[in-house]
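Once you scroll down, you'll see the structures, which are given as structure tokens.
Common to both upcoming complexes is subunit A, partnered first by subunit B, then by subunit C.
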Partner chain A sequence: MTGERTFQKFKRLIPKKAFLLWLDSLKKDYKLIGPVKTGNHAVFKEVDSSEELFMEYGTTMLSPGKLFLYKPNEELFRFTFNEKNPSPIPLPQGEGARGRVTEIFSSEKISVDEIHSMPEKQVIVGVHPCDMNAILYLDRTFLGAVKDPHYEARRKNTVIISLNCAYVSENCFCSSVGTGPFLHAASGYDMLLTAFENEYLVEIKSRRVEELFGLRGRGAGNAELRLKAEKEKSIKWKFKKTVDISGLDNIFAENTGHPVWQRTAEEKCLSCGNCVMVCPTCFCYDIRDEMSMDLKTVTRYRCFDACQDIRFAEVHGGNFRQRRAARLRQFVTHKLDQTNQYGVSGTVGCGRCITWCPTGIDLMEITEEIQRYEPA
Partner chain B sequence: MNQLKPLIARIEDVKIEAEGVKTYTLSTGFPFLAEPGQFNMIGYPGVGEAPISLSAIMQDGSFKHTIKSVGRVTDFLKDFKKGDELFFRGPYGRGWPVKKAEKKDILMIAGGVGLAPLRPVIQIILDRGELFGDVSLICGARNEKNMLFMDEFKEWSAKISVYLAVDEAVRPEKWQHHIGLVTDLLDRVRIKPERTIAFICGPEIMMRFICRGLMMHGMSQSSLYVSLERRMKCGIAQCGHCQHSGLFVCKDGPVFSYKEVRGLPDGVL
Partner chain C sequence: MTLDIGVTMKRPRLGFFKYSCCMGCSYFFAYVHKHVHEVLASFDFVFIKLLSRKGTPEGPFDIALVEGTITEAWQVDELKMIREQSKKLFAIGSCAVIGGIPAIKATAPELEVEKKVYKNLSPIHSIKPHAVDAYVKVDGYIRGCPPAERDLYEALTSVLTGREPDFPQHSVCIECKLKGNICILIADNMPCMGPVTNAGCGALCPSMNRACYSCFGPMKQANAPALAKKFKAMGISRDDIIRKFTEFGADTIEFRKAVETVYED
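Moving on, here comes the complex of A and B:
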């Protein structure tokens, strides 16, 4: 969505310090967001200066895509129950205040206002390939046949600078699913960094960042590209978690009654939904209405929802996933098995669902158990 | 524009169909176009929205929903009267393959309020019956008080062979039709498997046995069509509630061929 017209896909070597100064120069027009060290963790947040950035991070609890593009909470509409002389309701402060409320149409009794996102321009730097692929996955949901205007507006106003990953965390398995540790996606983001000792190898991936990027640096030649390839090769050995995804398609669908589901559901799963909340590709939402205390307005908003919630698939007279084992299986199969949905795997191998499961449910262990079970 | 934006529809008429079931005739001020089998998200601010199939698509641009009060939204709607306004958005989804049914025999099988999504098909058959071969309708309900559109059956009978069944009759002495399961009636219809297409809508367990019964009559899985009910929040393949093995029931369905959905995990088809 960023490289509409042709641009020069140049590759340059830029000293790290100079690169960070360039980031600071963007703050004139953009919010700068990146990984920041907090205690033992890194979190993506807005920074005042590039000095705060912690580019050597391994993983974060929440992915940048679900913090800054697809929001946990989004106001969609405001309904006003009119009295004889309808009075306009005050606009909210905070992010909504940057938005604009347009009246679409009204009846005599109720008027409907659509809340538009008018997000600030932002740069997210240091997005690892797993999280970049997760954003490309969210694009399939929210920029598909029906576009979500809020996501679309943020996506357009966000410059994404991805960073090839050099720090494998305990539960990472991106190398097994082809989403990392180095990024190979052709488009959908603006810039790709590979950290060398004192320099970044900078690859331009969109026209808008080509225009923004004024640093000359040194052109990268074959030697540097070879060094990049070697770095990718050497880090691939560091993964402790692996999964064989060849032939994984349909294996879960064919093993819906496998004992691993019931056992894991009974012995471990709490249906807490942590796995869904930290998952960078989980896109499900609920739509809720909130009535004001004076009963005059209703705010309709959407918020993240989780297939682990017992009522998620409930209809009148039945619940398609009443059993915890069924809900657990739904999550795992959506990540690893349902490639027919978008033509890509639902997992990006970030390992967050494993890390943040309070009872240590491990998708890789479940997968291996089912794979072993498969008659040869 | 946000596709989740609801529009206002005015209730032109309310008709009581059966116990707890009403048909609302709605108009919007603009011509509403939809395919038989598609659905709208119907709701009201502060209450929420629910997916409801269209039970009629009128030539004058109005449309009907036949709604049984069973949940938060549908319960709220049950007291709505002529002249009231409600909110809707749609139509959504893939409907019945009426085009594919042309020149073929059509067998429709409905259970309970499952008859409502088939009514637009019946409407087409009544208007343009010459396009189709023999048309039959098997219709089941818990008892005669739960049977929808009873007053219309006579008109339908002109072009459609209608077979009725109730699980148990409230007044057996007055009930002249079958008492028992809808599946019992499959033997009464003369089915020519190679030239018949079946449209089935009802509780999932009923559809399971109907589909299997029809396959025993020699029909192929790909000529059986079922309409699925799932929880939905968006109707536009985003909210994820209706997902089943990679399918979005709201976008890829709600009407599927039995071949596509047979053995779906967590369903009973």
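Moving on, here comes the complex of A and C:
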């Protein structure tokens, strides 16, 4: 990935219509994914034409990173008990399941096949800064010291076009954690859009998109960049939710027994795991085996796991966090604290966990209560 | 039977026992699911009333599947006997797992319930309804009404291969989110029981835009009172909230707590 400086000159103003037509032109090589309006909500999904896109969306329930890069369900291995005349193993079925199968072990009795994901090329358009930062966070997990081949293959095949926010949703707090409302990450994505009235300010951030992008548009000068800065300034004071994250690591560590945990766990928390499932940075997964009823194959797959589940990280004797309060605290502190894990906060301020919590548990309220608290 | 893992073994002896219920689990087990053929071929059906009048409930059994709520004294005796004669015993279906529909009567005194239905009480010998695990130890729960296919196969293959079965214990919400459904509880203000309900169905109802009614019963450590409070705040009437928590789970501690909360308010 190349730094921002290299692409300084690629700041152009492109009429919105022309830009959408360019997206359509990508469809012959890429799967086009973007926000689509369904009912009162928007969801990220594959579209046939850029006309379906709903670029003025607020926040989606599920983040694009955890739908199209880190998959909710993914088959990893298949174990086959050998017959005399082994039949070829059928490839996994369903969307995005195109794959290659390599045999990694075989004996008279059993053969083990690894399912490689061979993802299609895809473009994800309209990724908000919080979700883009969340993908960069997932990168730290899956492309860090140990690389996850499935994630890596999809990440390489995905062009990400980020879109700076023009609206603030009810529970957004990205301005407090430095992940929005405008994207400032230098690299890791391909293009950044800022919506002006009839045009997009297009900033190209990678070589591959530089090669793909054929539109000339109008070069953006200082006036446009000033307008962008003004837009950012004007949106920043629209946030209703704020949090002071300074020193939270220590504050949480000192208040593991704070009454707010037990009270919230009793009165509100359902341990349903919605917060974890909608969180764009929650990366835990579970590995499960499923045996076919004819006892001939075992499928090993992974799917999202949730620290709210009583069986999460179960060892002999059960989960270390038997109490609901402990599991709630784990989620909240992993989001707002534990910067020592990757050097950044685990939250990107999208507010999804607040929006989609059935009982409306608010991380900001919990944090404020602990910050206000002075032990007697 | 020769398994392809190179082990030759006798087909496990299977008994399927029915108590107070609609017999839907037997029907499902024998006719409806995806792998009927494999199931019929893999087990020695020693006793299953739906398929054969022959057979006796005499053990030993390698696997006993029990459907239905226990609502009569003779059922308790037979169930205890079956437990002693079975290596593995699974409760199958909501009635056996949590009490289910027959346990609705658990909320009223037994005699009042009987008088509501029957004129002549002399042939009635019913007792307070309970799930199977109120009387005997259970090796696993195949939840649902109808039961979850995946859990059924998990139980059956665990017996065939001699391993411990693994059943989900998380909420329906997790399955629902994995499917990518927009939450109907938040977005559409529907009184969905998903957050306190054990998974296994693949979020069937929410995927069809219907609120979960908890036929799978409460998940472990479910915080039902908090959800009851949420329903109340949504404007659901007290009676409707009570019905939601007593439709299938009237005999469960978790849902009784929710009913108590609603009465207290």
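Everything that follows uses one rule, which is that the second predicted complex is superposed on the first by the 351 of 376 C-alpha atoms of A that agree within 3 Å, B and C clash if a C-alpha of one lies under 4 Å from a C-alpha of the other, contacts with A are read in each partner's own complex, and residues count from 1 in each chain.
Everything that follows uses one rule, which is that a contact is a pair of C-beta atoms (placed from the backbone, for glycine too) under 8 Å apart; a residue touches a chain by one contact, two chains touch by 3 or more.
Given the structure is predicted, the values throughout are model-derived calculations rather than measurements.
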(message) Both complexes share subunit A, so when I overlay them there, do subunit B and subunit C fit or clash?
(response) fit
(request) Mind working out whether A:T38 is in touch with subunit B, subunit C, both or neither, as first, second, both or neither? (result) second
(request) State whether A:K109 touches subunit B only (first), subunit C only (second), both chains, or neither. (result) both
(request) Name the contact category of A:Y285: first (subunit B only), second (subunit C only), both, or neither. (result) first
(request) Once the structures are superposed on A, label A:F54 by its partner contacts, choosing first (subunit B), second (subunit C), both or neither. (result) neither
(request) Could you say whether A:C269 touches subunit B, subunit C, both of them, or neither, answering first, second, both or neither? (result) second
(request) Once the two structures are overlaid on A, work out the angle subunit B-subunit A-subunit C from the Cα centres, in steps of 10 degrees. (result) 70
(message) According to the stated criteria, A:W356 is in contact with first (subunit B), second (subunit C), both, or neither; which is it?
(response) second
(message) Quick check for you: in the superposed arrangement, does A:F196 touch first (subunit B), second (subunit C), both or neither?
(response) neither
(request) Mind working out whether A:V146 is in touch with subunit B, subunit C, both or neither, as first, second, both or neither? (result) first
(request) State the minimum pairwise Cα distance, in Å, between subunit B and subunit C in the overlaid complexes. (result) 6
(request) Using the superposition described at the top, list the residues of subunit A that contact subunit B and also contact subunit C. (result) 81, 109-110, 288, 291
(message) If we count contacts the way the header does, which residues on subunit C are in touch with subunit A in the complex?
(response) 3-6, 34-35, 38-39, 42, 150, 153-154, 156-157, 160-161, 166, 169-171, 173-174, 177-178, 180, 182-183, 185-187, 194-196, 219-223, 226-227, 229-230
(request) Can you check the complex and tell me which residues of subunit A touch subunit B? (result) 76-77, 79, 81, 104-105, 107, 109-110, 112, 114, 141-142, 144-150, 253, 256, 283-289, 291, 298, 300, 302, 305, 307, 312-318, 320-321, 326, 329-330, 333-334, 338-341
(request) Would you pull the subunit A residues touching subunit C in the complex into a rising list? (result) 38-41, 43, 61-62, 67, 72-73, 81-83, 109-110, 265-274, 277-278, 288, 290-291, 293-296, 303-304, 306, 308-311, 324, 355-356, 358-359
(request) Give every residue of subunit B touching subunit A within the complex, in rising order. (result) 1-6, 8, 45-49, 70-71, 74, 85, 87, 203-204, 229-231, 233-234, 236-241, 243-248, 251, 265-267
